[in-house]
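I've put the structures underneath this note.
There are two complexes below, and they share subunit A, which is joined by subunit B in the first and by subunit C in the second.
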Partner chain A sequence: MEPVLEAWELCKRYEGFSLSKVSLTLLPGTILGVFGPNGAGKTTLIKLLSGLFPPDSGEVRLFQLAYDDHEREIKDRLGYCPQEPPFYPDYTLVETARFAAPFYSRWDGALLYELLDRFRIPAHKKFRLISPGQKTLFSLALALCHHPDLLLLDEPAAGLDDANRRFLLDTLRAFAGDGEKAVLISSHVSDGLDEVVEQVLFIGAGKTLLAAEKEELLARWKWVHFRDNALDKALTAKLTAIRRHPFGSAGLCQDFPALREKLSGAMAAGDVRIENARLSDVLIQLTQGG
Partner chain B sequence: MLNIMRRSSFFYLTHFMTFSLMPLVGSQGAALFVFLWLPSSVLWSERGESYAFLRLLPIRDRDVVRAKLSLGLAAVFAYWAWLTLLALVQWGVSAEFFARFSLINLLASAWPPLVALCYLGVWRLGARGMTFPLLTLMGVAAFIVLVLERRYFPHRWGDAGWGLPAAPWFLQVLLPLVGLGVFLLLARLGPRVKGDNDEHLQLP
Partner chain C sequence: MFITLSAASPEPMYKQITDQIRDAVASREIGSGAKLPSIRELSEALKTSVITVKRAYLDLEAEGCILSRPGLGSFVAAVDPAQLRERKIGEFRGELTRIVRTGAKFAIGADDLVQLIRDIEEEQNGTRS
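Coming up: the complex of A and B.
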């Protein structure tokens, strides 16, 4: 199976920030989540992947093609939903769609209007007059309505209400579900996206912190809740982010399979309880420690 | 390409419409004012442009550059044709007409490079970044234009060609060709300047 997206050691330097040597591979049928705190470099990474600007060094290939020689072919198959949709503020949504339509070989106007109806966005309203959430949804609709093979979404869940967030997650699942298309989605919070992503890439301060399959990651990272004196010091030392709660303490374990056997006695006695960690727990631990 | 040109043409059209009235109401040095009108058209049309949006679309930078510069060149041609037509209507095929035609050609030779330079500046610094330098430049140009118009045009229209009508015919052809040549050279730089700089990608 050939990757939909490959990036090798991407670097981009700005005043006061640099993205350094970020690599990733995205296979068809996969949803990759790029997570990191504010200013981690997620938007810069997505802009590089979308061809908005070129990297200082490194290489990006989409559908086995490079932007240098195949910019049109790549963008015809790419749906990019930027964090700040850059559409003309003085154009209505219909005018924006009419402007964009001739550039795409697989433009589907009916799908666009269906999505606008679904999102209840007035198509004849000027872009600058719709709400931030509606701007995101319109951007998503434009990204979807030319039947792309890859979606790059930069914090699309921000500003969406619960119903539209649910629709977004369902849409992403269905999009990648056919096994031929892929999604890369970025967020500074993983809540809500945990359930759809299959691969995760954590970045912080412009560097890759961790890249893994989500299931494999969450099989290793667990919260260990334990009563006072239920664990010896050696075991407790293997836990991080330890917090007190009324019935004991809880700590984050980064390699649960390695501890499972040692904890099995206490678990059987009811002194230790294991709970799945969330991606946000992993992210906070990786970026802030403690 | 046509969509991009159509959107960008609004200020070109409004500027041209206001300009086209100038010679009709008696401004003899209208050709000089093109040096103000063209940068102004570029500046105001580019301030409403969203290159970040264009970058999302399946279109190459070189096609965007071509669309923009084609529009600029079309505007140059429109100004040249309008001034030539007015001179022809007013003077018929006569020595006075050729004096004006020579002047128009002389000045018009500089318009294509001027338009191209304005666009390169926008792609290098962004429309907002170019606003202050361009307005300053236009202010200086306006001063020079007004001084020149007062000095040369009210009573000495016959000399307005600064002797160019007496120049060899090939020079009168050569100057516009040189202008076009410089325009084409600058146009070749366009995709590189646009591709290497991010400032113009700021949202409008």
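Coming up: the complex of A and C.
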């Protein structure tokens, strides 16, 4: 299976910030979530991947093609939603769509207006007059309506209400579900998007902190709640982010399968309880933990 | 006392608290007359709201498990251990019903289950001694 998107050791340096050696591979049928705190470099990464500017070093390929000599073909097959859609504020949505259509070989105007209908966005309004959430949805509808093979969405859930967020997640699942296409989404809040992603890439301060399959990651990272004195020093030392209180303590373990047997006695006695960690727990530990 | 709250549990938070405090009383982990943590203290430790803990304490008080003395705090009541044991047996009945029904699907009968329980008990005694 050929990757839809590949990046090798991407570096980009600005004044006061540098993205260093971020690599990733996105196979058909997968949804990758790029998570990191504010200022981690998510948007820079997505801009590099979408060919807005070239990396200082490293290489990007979409559909096995490089921007240098296949920019037009790549952009025809790419649906990119920037964090702040760069549309003319005084154009109506219809005018904006008419402007964009000629750039795409698979433009599907009927699909666009079907989506705008579903989002209840008036197509004859000027772009600057619709709400921030509607701007996000409009940008998403434009990205979807030329039947791309890859979606790059920068903070797509920002400003969406619960119903539209659910619609976004269902849409992404269906999009990648045909097994041929792929999605990359970024967010500074993983909660809410974690259910839809299969691969995660955590970045912080411009560097890769962790890249993994979500299920594998969550099988290893667990919250261990324990009665005081139920765990010996060696076991407690395997936990991080320990929170103590008079009614039991809790810590995050990074490799539950390795601890399971040692904990099984205390678990059977009810002195230890295990709970699933969330992606946000892992990310916070990776960015702020010791 | 060991209390944890699980966001993944279908049981509401206040019920998770009442169940765990009642169990601690029933298993004599906290004896009658012992002082319970204050509502504020428990809500801070469990990272839940004061209202949730208050609700749990009111329920425990209503069933006679704890006593609240205004200005002094909440205390474990002089509960009848037999009554709490009875209640626990009721809970076991619910859990066992599920196990017995599942067993029936796989031709695992009461005798097999009793044997299993004896084995487990033996194992536990073995590891303890």
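Everything that follows uses one rule, which is that the second predicted complex is superposed on the first by the 287 of 290 C-alpha atoms of A that agree within 3 Å, B and C clash if a C-alpha of one lies under 4 Å from a C-alpha of the other, contacts with A are read in each partner's own complex, and residues count from 1 in each chain.
In this text, a residue touches a chain if its C-beta (ideal position, glycine included) is under 8 Å from a C-beta of that chain, and two chains touch if they have at least 3 such contacts.
Because the structure is predicted, anything quoted here is derived from the model rather than measured.
Among subunit B and subunit C, the chain that touches a larger number of residues in subunit A is B.
Legend: residue contacts after superposition of the two complexes on their common chain; A:Ala250 is shown touching subunit C, with no touch to subunit B. By the document's definition of touching, neither partner reaches A:Ala211: not subunit B, not subunit C.
By the touch criterion defined above, A:Gly265 reaches subunit C but does not reach subunit B.
Legend: residue contacts after superposition of the two complexes on their common chain; A:Tyr104 is shown touching subunit B, with no touch to subunit C. In the superposed model, A:Asp76 lies in contact with subunit B only, and not with subunit C. The intersection of subunit A residues touching subunit B with those touching subunit C, taken from the two complexes, is empty. Interface of subunit C with subunit A (complex): residues 1-4, 6, 8, 37, 41-42, 44-46, 124, 127. Considering their complex, residues 2-3, 7, 48, 50, 52-53, 55-61, 195, 198, 201, 203-204 of subunit B touch subunit A. Of all the residues in subunit A, the ones that touch subunit C in their complex are 225-228, 245-248, 250, 265, 268, 270-271, 273, 275-276. The part of subunit A that touches subunit B in the complex is made up of residues 50-54, 71-76, 80, 82, 84, 86-90, 98-100, 102-105.
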